[in-house]
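Sharing a structure, written as structure tokens. Questions coming.
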Amino acid sequence: MSELENTSKKMLTDAELKSLLEAAIFVAEKPLSIARMKEILLADYRLSTKRLSAILNQLKEDYNDRGIELVEVASGYRFQAQAVHNEQLIPLFKEKAPRFSRALLETLSLIAYKQPITRGEIEEIRGVAVSSYIIKTLQERGWVKVIGHKEVPGRPSLYGTNKEFLDYFSLTSLSQLPELMVVTELTNELELSNKLELSNESGLSIEPGPSKESKLVKIPETSVSE
Amino acid sequence: MVQQVLPLALIRGEVVVKKPQDLFIPPDALEIILDTFEGPLDFLLYLIRKQKFDIMDLPIAAITEQYMVYVELMKDIKLELAAEYLVMAAILAEIKSRLLLPKLVVESDEDDPRAELVRRLQEYEVFKNAAEELDQLPRLERDTQLANVALADDFKQATAMADVDLSELLSALSDVMKRNAALEHHHIQKEVLSTRERMTFILQQLKQTSSEQPFVEFSKLFSVDEGRQGVVVTFLAMLELIKESLIECVQTQIYGQIQVGLKG
Amino acid sequence: MSELENTSKKMLTDAELKSLLEAAIFVAEKPLSIARMKEILLADYRLSTKRLSAILNQLKEDYNDRGIELVEVASGYRFQAQAVHNEQLIPLFKEKAPRFSRALLETLSLIAYKQPITRGEIEEIRGVAVSSYIIKTLQERGWVKVIGHKEVPGRPSLYGTNKEFLDYFSLTSLSQLPELMVVTELTNELELSNKLELSNESGLSIEPGPSKESKLVKIPETSVSE
């Protein structure tokens, strides 16, 4: 690696570079990241990330009206069939796409949204045990991995998601996941109602809470934190 | 949102339970319940949503009653009931009994006994929902097909060279030194090594000589710009090489230039 | 599928057909034959083999000047990288090399430090035989070469290091090697004493540190037990 730095680097024309990148993204077994392009594929060539991005954009445009498209996912660039052909292409595949159980999807969602998370924490939220089979499946698929251990008795594994998880769902980052249902408002109202009730019963005069919540003002917030 | 429980609504059979509200299930359908729901929270959520209860104002008595009916039924027909369902039954019963207690003293941190359950139900619903949305995302295998392209026929794969860290090399060196007693009384000094390096350098220079002219002039092996130290190192290197019978020095005439060549 | 055969088949424009064929050849796991195209992919559509061939030829031309090409092999059509990129694509497919063995590293360090040195001398110091494979690997890597022969019976080769060896490790001269060794040993000792101080000060056993340090740091039992 280091021996290359002192030697003079080679040059490529834009056309050569585009052709090479095209071939490389197509033949690579996994999505090809800009880092991998620069450090591995083009280690011998002198070129900037800016130029690379420009060429990738050109390539993207070249495939705009074709049967396949160049897309960017979490771990890099890949070519895939245009979505319009999805239905038509099904007959080509003998095996049916796997369906995932609700248990697996719920476990995966919890890991994706609440990472790092332990198995115990997943079980607490779902209210049922998480089978080892599910964790194993998620790990074998390369979607989930142990990213550390929680410093509590037993040092349980903390799980997080991999880029492969995002790749599978054609996402570039966790922030692209669908937004979670909002419940925070309700929780706030609960807290409010708690104060309201408290102030009434304690006989102290605190500022009155907004009245529109009255229908919700039944269940005070709990102090339970475990 | 709850489409997975639709089959239950289709089941009509003998009425097993006394109080109405909704949804009564013949025993043979109970097995389906266990398979259909992801545990007691999921099941409770179903009961709540089905009857349009306000989750924030949970009618605990009604819910508990319904829940117990199912649990009892499942026990009756000896279905193996997951422990979580029984735990939930206990929780519901406890909440119910606490609500029945007259509120005598109001402590500042008194809680509505339902609060924790509501929090758990809400939190579970968030992720149940998230899982459903995740399932809708376009995904590989089912919705997205990747392009496969072969390498050209005459493509030849190569094996990469392993990377070595200098520290690994140093620790190998240090290990071998420690193991070998003979080396231990060598002092590791700059001079010694530069001599070794110079020995290699000299041998290389001598190797480049042709067969007609196998010797190099003694003086040509020294480089003036290295200064005194360089001269000393080169000279030591030559002595060492001579000692090890690797090179030889010849003089064709008295006071003539000393010629240095590889031995043999 | 069978119910479609009696109904009138659907039609595709040339552009749609080309786009679909393109996507299909790309996503198919094996080369796609004309028979499979007609019978499986395009079973619902009415079209002649002649039209299919014409479209495939167009597709071939589309990729004439690109990084990949459409070729017909025995079992059908497939896309493959243009052969001109073969050399450039090699880095993407390099198998990850195994780490060098301890034996190799020791041999290399001895050649570096005691050059010129024979294989017999290396064996004497290390106390074990040096395999020819190790010497060969080091020579192939361009780090070590034969710089002469020792004038003893058998005239064994004398090994020394090349400039490439120094370059690889960013050394300017071999004399840096033992110096560095001394420094490393010092650093290790320093780390050890730091760790000791820490554990003494805390007086309590906190959670264990990352395990990777464990091989460097041996904390005496006395400091831990308090």
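So that you can tell them apart, the chains are marked A, B and C in the order they are listed, and the count of residues begins at 1 in each.
Rule of thumb we're sticking to: contacts are C-beta pairs under 8 Å (C-beta built on N, C-alpha and C of every residue); 3 or more make two chains touch, one makes a residue touch a chain.
Everything numeric in this text was worked out from a predicted model, so none of it was measured.
Distance between Cα centroids is largest for the pairing of chain C with A. Relative to the centroid of all protein Cα atoms, the closest per-chain Cα centroid is that of B.
Note: centroid distance chain B to chain C, computed from Cα atoms, is 19 Å.
Chain B has its Cα centroid 15 Å from the Cα centroid of chain A. Centre-to-centre, using mean CA coordinates, chain A is 27 Å away from chain C. The set of chain C residues that touch two or more partner chains comprises 23, 26-28, 68, 79, 81-82, 85, 89, 168, 170. Across the assembly, chain B contributes 145-147, 149-151, 163 as residues in contact with two or more other chains. Here chain B touches chain A in the complex through residues 4, 38-42, 56-58, 82, 84, 88, 106, 108-112, 114-116, 118-120, 122-135, 137-147, 149-151, 163, going by the rule given at the top.
Within the complex formed with chain B, the chain C residues making contact are 23, 26-29, 68, 78-83, 85-86, 89-90, 93-100, 102, 105-106, 108-110, 112-116, 125-127, 141, 147-152, 155, 158, 160-161, 168-171, 173-175, 177-182, 184-185.
Those residues of chain A whose C-beta lies close enough to touch chain C in the complex are 2-3, 6, 18-24, 26-28, 32, 36, 40-41, 43, 65-68, 79, 81-82, 84-85, 88-89, 91-92, 151.
By the touch rule above, chain B contacts chain C in their complex via residues 145-164, 166-176, 179-180, 182-183, 188-190, 193-194, 196-197, 199-200, 203-204, 206-207, 244-246, 262-264.
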